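All chains are identified by letter, namely A, B, C, D, E and F, in their written order; residue positions are counted from 1 within each chain.
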Amino acid sequence: MFFVTRREIFSAAHRLYNPKFSDEENERIFGKCSNPNWHGHNYILEVIVAGEINPETGYLIDLKLLKEIIIKNIIDKVDHKNLNTETDFMSGIIPTAENIAAAVWNQLVDKIPDGKLYSVKIYETENNYFEYRGE
Amino acid sequence: MFFVTRREIFSAAHRLYNPKFSDEENERIFGKCSNPNWHGHNYILEVIVAGEINPETGYLIDLKLLKEIIIKNIIDKVDHKNLNTETDFMSGIIPTAENIAAAVWNQLVDKIPDGKLYSVKIYETENNYFEYRGE
Amino acid sequence: MFFVTRREIFSAAHRLYNPKFSDEENERIFGKCSNPNWHGHNYILEVIVAGEINPETGYLIDLKLLKEIIIKNIIDKVDHKNLNTETDFMSGIIPTAENIAAAVWNQLVDKIPDGKLYSVKIYETENNYFEYRGE
Amino acid sequence: MFFVTRREIFSAAHRLYNPKFSDEENERIFGKCSNPNWHGHNYILEVIVAGEINPETGYLIDLKLLKEIIIKNIIDKVDHKNLNTETDFMSGIIPTAENIAAAVWNQLVDKIPDGKLYSVKIYETENNYFEYRGE
Amino acid sequence: MFFVTRREIFSAAHRLYNPKFSDEENERIFGKCSNPNWHGHNYILEVIVAGEINPETGYLIDLKLLKEIIIKNIIDKVDHKNLNTETDFMSGIIPTAENIAAAVWNQLVDKIPDGKLYSVKIYETENNYFEYRGE
Amino acid sequence: MFFVTRREIFSAAHRLYNPKFSDEENERIFGKCSNPNWHGHNYILEVIVAGEINPETGYLIDLKLLKEIIIKNIIDKVDHKNLNTETDFMSGIIPTAENIAAAVWNQLVDKIPDGKLYSVKIYETENNYFEYRGE
């Protein structure tokens, strides 16, 4: 089994906030991550595809193609954006890194032409990483 | 001559925008960095102090003390904040990384108890770095 | 399945030494890592928790809480310490990175309030990494 | 289950090219990676061994020994070499990172004295990573 | 004084070789770096511009513009190329990292529209870095 | 003016302690860094040499030679050692990173065959860096 990883970076604003909770509850649960004036991150996104090698090319998947798929479906919708209010595929979702990883998975899972989507990783800071495998 | 560097990280939202310009001009000059819905970064801040060593301690400056000065005067005012609207020492300043570095310099230059402030560096992304030396 | 990783760093002294062996055997097996005058490392610790997302919060586990658990149970007992002589949970254990990872696992496995402990990683140098999954 | 990783770096030239294809097809499939005048990379190689700990030593495998095995069987044959024309174990193989990982696996799988080879990772650039697990 | 750094990466093949020397002398002086079958690196290039801030924009120089200048004049001529035989501005120059840095300086020094070129850095491996300041 | 940097890593134990002070004073000044049972670090050492390029070789200094000089004079005396009790050139010196940098400078300044020693940098942790330029 082979695994190919493509790494992309995006810079976005967000805020953790559940509209079902009061402001005090949001503050208690999410702390400074719930700041109503926003904050932001340089997110590192890793998309991992699993599969077999094409013997004609030695590629599992052409990384130029994988890059284009990620740019079109994810990066163009999140980079220099507000994840709460501007990213269509995050609409109605609390933008924790866990939920971003799952939403990216849902956007990409049907669009991988060779191999299968195996994992989506999000590094929110250098100390906090997240992974979703849609098992 | 000795140099001591303390590195801290903060996550903030910002937007590049000059109120003297029209929205079209801001868009033309700052591109996606002018998004009115904000975006954000994990900023890496490096504060560099120059001076001589105290022979009793072998320290130029006690890094616990330098860390506390940076946390109190800078990090507490920028981390998980909106640099345009919430950071007092950025009020009225376009929050480019150049201007953040100069504003951090101005906050710290009179507060270094041992040695002298030599340089303030800001890493906005892994490809774009900025430095100010108040010469 | 989701995975959340928290990264912490600690600086410690240690020595590889098995009291069942002679000094010559310890020297032959462990080489310079057996230096009786100690050496040390900046260890990077990664603690990985697996589980499902709480739909109310979008969190698998609150990372502030996970951080506190790691600080209290691990970092406070290893940072700026001698792993051979000062760390209670390493008592009688040769402090190889493999054994440190397993000992950290044993300290944490019953203390994770949401999700389940999945993996403990130790980076001893930039070229040597270790992982334990208590399968 | 324990996992031990040893990281090594090598610098090599290569070219992606399948002699069954015309030059135009190679150019179309591999793009600039097919440049007949070569290009090159600093490859990062990670070799991961899985197994149990020897209670006498606290080691899964002695990393000095694992390093020597990797240097002798891999690094000496690829570092500062041309992967297409000079590396015996890549002969007749298109030197994509996927194929390099599989070829390294085949070189090492029978030579690990303690534990079992679990994974071979190749980082070709900071954005493109590859892994092979010979499952 | 402000300093702005733009970082770019390129992957190239090269060989250290002085045609004035015999093959034996080249081998003695340059060792494995003189391999006639080439080798290569992922080079990290940092271009540092010094100057004052434009108070209208808060920029020393627009990094989008600086990026375009570096891509057009440097990266397009070195990425996935052979530095000895394909890069016009390296023609007749031994492609040591020192010489690459000086050649990049010469290409860029007259093309910086705001501020002045201050330094060119080349990271050839993670252990070997080079800088040229055309003082 | 050219600058060449060689990076090396060593792992050592140390303790900050001035015998002129009481144990209480050492504890007050140096905190946990004064632990009498030692602690340790993976130190990153960067040695920077400045000078002109030899037009015959394109080198400021042969990095193989610079590496050997650093290994023989520094790394062999500090790696897997106790800096307080085992390193001859640190004898009687409080092993702060500032003092280590100055002591490395003194060891190397007369041994650089091409160019001149310009700077010695020590990274003690990922947040604390130190530099000495013997101006």
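Methods note: a contact is a pair of C-beta atoms (placed from the backbone, for glycine too) under 8 Å apart; a residue touches a chain by one contact, two chains touch by 3 or more.
Bear in mind the structure is a predicted one, so any value in this text is a computation, not a measurement.
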| item | value |
| --- | --- |
| Angle, in degrees to the nearest 5, of the Cα rotation that carries chain A onto chain D | 120 |
| Duplicate of the B-F contact set - from D-E, A-D or A-B, the pair where over half of the pairs recur | A-D |
| Pair sharing more residue contacts (C-beta pairs) when D-E is set against A-C | D-E |
| Chain separated most widely from chain B, comparing mean CA positions | D |
| Rounded Å distance, chain C centre to chain F centre (Cα mean) | 28 |
| For chain A paired with chain E, centre-to-centre distance based on mean C-alpha positions, whole Å | 34 |
| Two or more partner chains touched - positions in chain B | 126 |
| Topology of the chain contact graph, where touching chains are joined (line, ring, star, complete, other) | other |
| For the chain C and chain F complex, residues of the former touching the latter | 9, 11-14, 32-33, 35, 37-42, 79-82, 85-86, 125-126 |
| Footprint of chain B on chain E - complex, ascending | 1-8, 53, 56-60, 62-64 |
| In the complex, chain C residues that touch chain D | 16, 18, 20, 29-31, 93-96, 98-99, 101-102, 126-133, 135 |
